[in-house]
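Below are two complexes that have subunit A in common, paired first with subunit B and then with subunit C.
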Partner chain A sequence: MDLSKNFFQLFALPESFDVDTAKLMDAYRSLQKVVHPDHFASGTDKEKRLSIEMAAHLNDGVDTLKKPVKRAIYLLGLKGLNVDFEKNTAMSPMFLMEQMELRETLEAVTNQADPFLAIDALYERLKTMQSERTERFKGAYNSGDSQSLERAEGIVAEMQFIEKLCIDIERLEETLD
Partner chain B sequence: MALLQISEPGQSPEPHQRKLAVGIDLGTTNSLVAAMRLGKPETLPDLSGRHILPSVVRYLPAGEVVVGDEARDAIFEDSRNTISSVKRLMGRGVDDVKTLGDCLPYEFIQSETEMPYIRTEAGDKSPVEISSEILKSLSVRAQETLGGDISGAVITVPAYFDEAQRQATKDAAKLAGLHVYRLLNEPTAAAVAYGLDRGAEGVHAIYDLGGGTFDISILRLNKGVFEVLSTGGDSALGGDDFDHAIAQWILKESGQECVGTSVARQLMEIARGLKEQLTDADSVNVNVDTGCFTWQGVLTREVFHSLVDPLIAKTVRACKRALRDANLGPGDIHDVVMVGGSTRVLRVREKVADFFGATPLCDIDPDRVVAVGASIQADVLAGNKPDDEMVLLDVIPLSLGIETMGGLMEKIIHRNTTIPVTRAQEFTTFKDGQTALAVQVVQGERELVSDCRSLAKFELRGIPPMVAGSARIRVTYQVDADGLLSVSAKELTSNVETNVEVKPSYGLSDNEVTRMLKDSFDFAEGDKDARALAEERVEADRQLEALRQALAENGEELLSADERKQLHQLMEALAISKQGEDSVAIRKAIDELNSTSEVFAARRMDKSINQALSGQSIDNLGEE
Partner chain C sequence: MAYSDKVLDHYENPRNVGAMDAEESDVGTGMVGAPACGDVMRLQIKVNDDGIIEDAKFKTYGCGSAIASSSLVTEWVKGKTLDEAAEIKNTAIAEELALPPVKIHCSVLAEDAIKAAVSDYKKKQD
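Showing the complex of A and B:
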């Protein structure tokens, strides 16, 4: 397997934000069928090691292309833009205000009569915010000029924020059990 | 005249070449072994016709070990030496064990690692040793029933088992002398049992409520590929907790305070009986006569529901989370497979049906379905079905990360990531001139390391002194298909490297493994060298056979005459040293053969990949 191919080439897909999930998964499955360690239960040690490496690479690829935020970052990376979550501070004040308000709502969840219901509502709201950004990212990325790509970078940063919040919600929900 | 036998297409035409492979369900309460017999997966009975082996081990003063029903009968009279539900102790530390409950009647001993030992009349025993007794018993049963040596086993573990618990299970198998083809998640095994029988394709939920554990897995079956989309659960929630709730209710109703361990056990047994009767009856009479107190009352179904509903609600919330992790809703689920004896409780089926909006499947015996699925997979992994393209893609149940400044957990691999997986992350030094870096490997979902489980610690030394923040240390985590982790760390500007196999803090130390191997009654003192020799010979055979098969398939095509000659010479050399008595020499010959065969392995892999890809592009052309 040529590990230097990018993930789109690896699965024989066009380099685009829109990914045909069915095609991606078909390619992924037919490749896993030949490289997965299950095939080498009676194989030599070398085959086993190689098979773990390759299966891991395929898993990494499919994980990157399947998840919108990861895929967006990866696409920008292929265009030479490295999104650095830690250093990106240029968020719009409005977005930051909204984030703070969402954080406060999250912290207040435990005081609600039915915290699980409150969590569901918050989660739905975040999902809507995320899909709206996904659309905007697509538009900016497809335009392709450097100004649009810079805009796309800003949108991804917001998407990462929202994703982080989703993870925190899941964490909170687990501590409630 | 005897009828001529014709084998099914795709199955080995030469029966003597079929390898004997078994699937083992190593359960909290009960264990089972299954194998393919006459093309069908079946659980194997003991000499008295019993399929289920209670997971109970009793140690007698002379060192004799009793496993199963006979051991279970002694639970009350000899509770200190009779160990049940040992699965709950696997991969746990002394502190974890203390929080597991007040009802464990054993005397725990601190060992040289964090692993707790149980003091018995036959000496101090670790959970790994106790589990290995159960595995030995099943392995002997399989050998007797199938009439030959077992070449390998698929052993099931709860999907929710963490790294330490998986490692402990693998150690137990090693101690029992079993070659493990793979550790398989129980829900996945259940899906294999159902999926292949029906050829069902779609998204399935596997709801597995056993005696001591709860698992939920969401998986997709598509063209022979089982993909676990997400998994969740609770490694300390099960039918035993239902019994416990009933026992607590009896104590409350009868006005009794805390009672001794033997009475507590009797109450648990009574509670279990009541729970089972309530499957058919609307209410049952309760008669308690423990010798310590007597009490009579009535347990209605309504009261029973009020006792167990909070526990069931906990499982339903885990189902909801698993669906969300898989990016699905309850409506996307094709069907729900019920696994585990506790799914016989009607209330459980009711609540699960409500949540998923689907009638739960329970037509394969929920106690046997896991072992049956494991045996199907074992048969495939043994190579008995060369045409079978079944691939099982599992996920890791808990996130793996590293401790960073301030005691924070930085995740490197998130839970529900498909395995095998390799992930790397870069770190840097904190102080000027820092030459070493301590790496603490952590598992769990919480933000603080102190709330997670520490798996291992190691140090990367020899970093050249630099200004703080300028070293670039790449830490790489690799998880194999069994869910077992290895970690390496490398300083990129100087190439200083450290590799560790993660030996969990709660696992066995090497000294302990050596002692146990010595203690194991199959290998008495002095037999250690013989064992090493036997192991290397088996390994040599395995490598030789694998290579022979590979050469027969495409040696001519992928290797030059010189390369083939070199391989054959090394194979010959290994075959000769295998006849000798020197295990080190055999190991050396295996290693030499292995490194020379690397090129061949890589070419074979590339060929398969190119074939798979070209098949793929033809498919795509067809669609366009």
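Showing the complex of A and C:
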């Protein structure tokens, strides 16, 4: 296993936003067997250390390619665009207002006659928002010029917001059960 | 991770939570967001004829540090001129609240929010 390969090369997948999850998991499992630290139990310290490093690299890789937002950020990184969300707070005011409104709706969910129905409606709305952005991201990413890639970065920021909100919805739903 | 007493105080008793009418000419609104954690912050100021901020309100969806940072800023800006308010630095917020390094971005968010509110107000006066 070559640690210098990027995650797509590592799993022999095309460098694209669309990932064949079945192929990814097959490749992951076969590589996992090769590098599993158990095989190196009687090896030298160096071999043991290397196998742990490789196993970690492999896990990092599968996690990155499985999750859409992480994958999108990784793809931009491979194109030389380092996405740093810690420093970037410039978002479209329209989008932020919508986020605020969605947060307020989520907050009010528990007061609804049927909170589960309200959660479902909110979730559906977010799914639509997310798939619309996924398509726009792919378009911008595939164009590949620097202006389009910057646009893609802005889209990923919004995708990250929506994903975070989905996680919070799931958390709330668990407390309702 | 443990929050400092000051963060907890602002988190449990947030100051100046609420909304102002963003359409009013003497109100400036700043909306900012942090993609890293999905926080959204709205900070509003009401400015009198002498250019002094006489009231401030905020609404933040986020972690305790983000809520505390914006709550603190609404306290700080009252009585300040627009220029003084725009000069508030995130480092001062982080220091006052004893924010750990991983939460510094919450104070950055609050600094960006007050700057955005000031610039929104100024734009309206043109």
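Note that the second predicted complex is superposed on the first by the 158 of 177 C-alpha atoms of A that agree within 3 Å, B and C clash if a C-alpha of one lies under 4 Å from a C-alpha of the other, contacts with A are read in each partner's own complex, and residues count from 1 in each chain.
Definition applied: contacts are C-beta pairs under 8 Å (C-beta built on N, C-alpha and C of every residue); 3 or more make two chains touch, one makes a residue touch a chain.
Note that the structure is predicted; figures quoted are calculated from it, not measured.
In the superposition on chain A, A:Glu53 makes contact with subunit B only, not with subunit C. In the overlay built on the shared chain, the residue A:Ala72 is in contact with neither subunit B nor subunit C. With both structures placed on the common chain, the touch criterion links A:Asp38 to subunit B but leaves subunit C unconnected.
In the superposition on chain A, contact of A:Val109 is made with neither subunit B nor subunit C.
The partner that reaches more residues of subunit A, of the two candidates subunit B and subunit C, is B. When the shared chain is aligned, subunit B comes close enough to touch A:Arg171, but subunit C does not. Residue contacts after overlaying the shared chain place A:Met97 against subunit C, while subunit B stays out of touching range.
Of the two partner chains, subunit B is the only one that A:Asp63 touches; subunit C does not reach it.
Contacts of A:Ala152 after superposition on the shared chain: neither subunit B nor subunit C is touched.
Overlaid on A, the two complexes show subunit B and subunit C touching no common residue of subunit A.
Residues of subunit A that touch subunit C in their complex: 85-89, 91, 93, 95-97, 99-100, 103, 156-158, 160-161, 163-165, 168. Those residues of subunit A that touch subunit B in the shared complex are 1, 12, 23, 25-27, 29-39, 41-47, 50-57, 59-60, 62-63, 116, 123, 170-171, 173-175, 177. Touching subunit A in their complex are the following residues of subunit C: 31-38, 40, 42, 59, 61, 105, 108-109, 112.
Subunit B meets subunit A in the complex at residues 152, 181-182, 222-225, 314, 317-318, 321, 324, 380-383, 389-393, 417-423, 445-447, 478, 480-481, 542-543, 545-547, 550, 594-595, 597-598, 601-602, 604-606, 608-609, 611-613, 615-617, 619-620.
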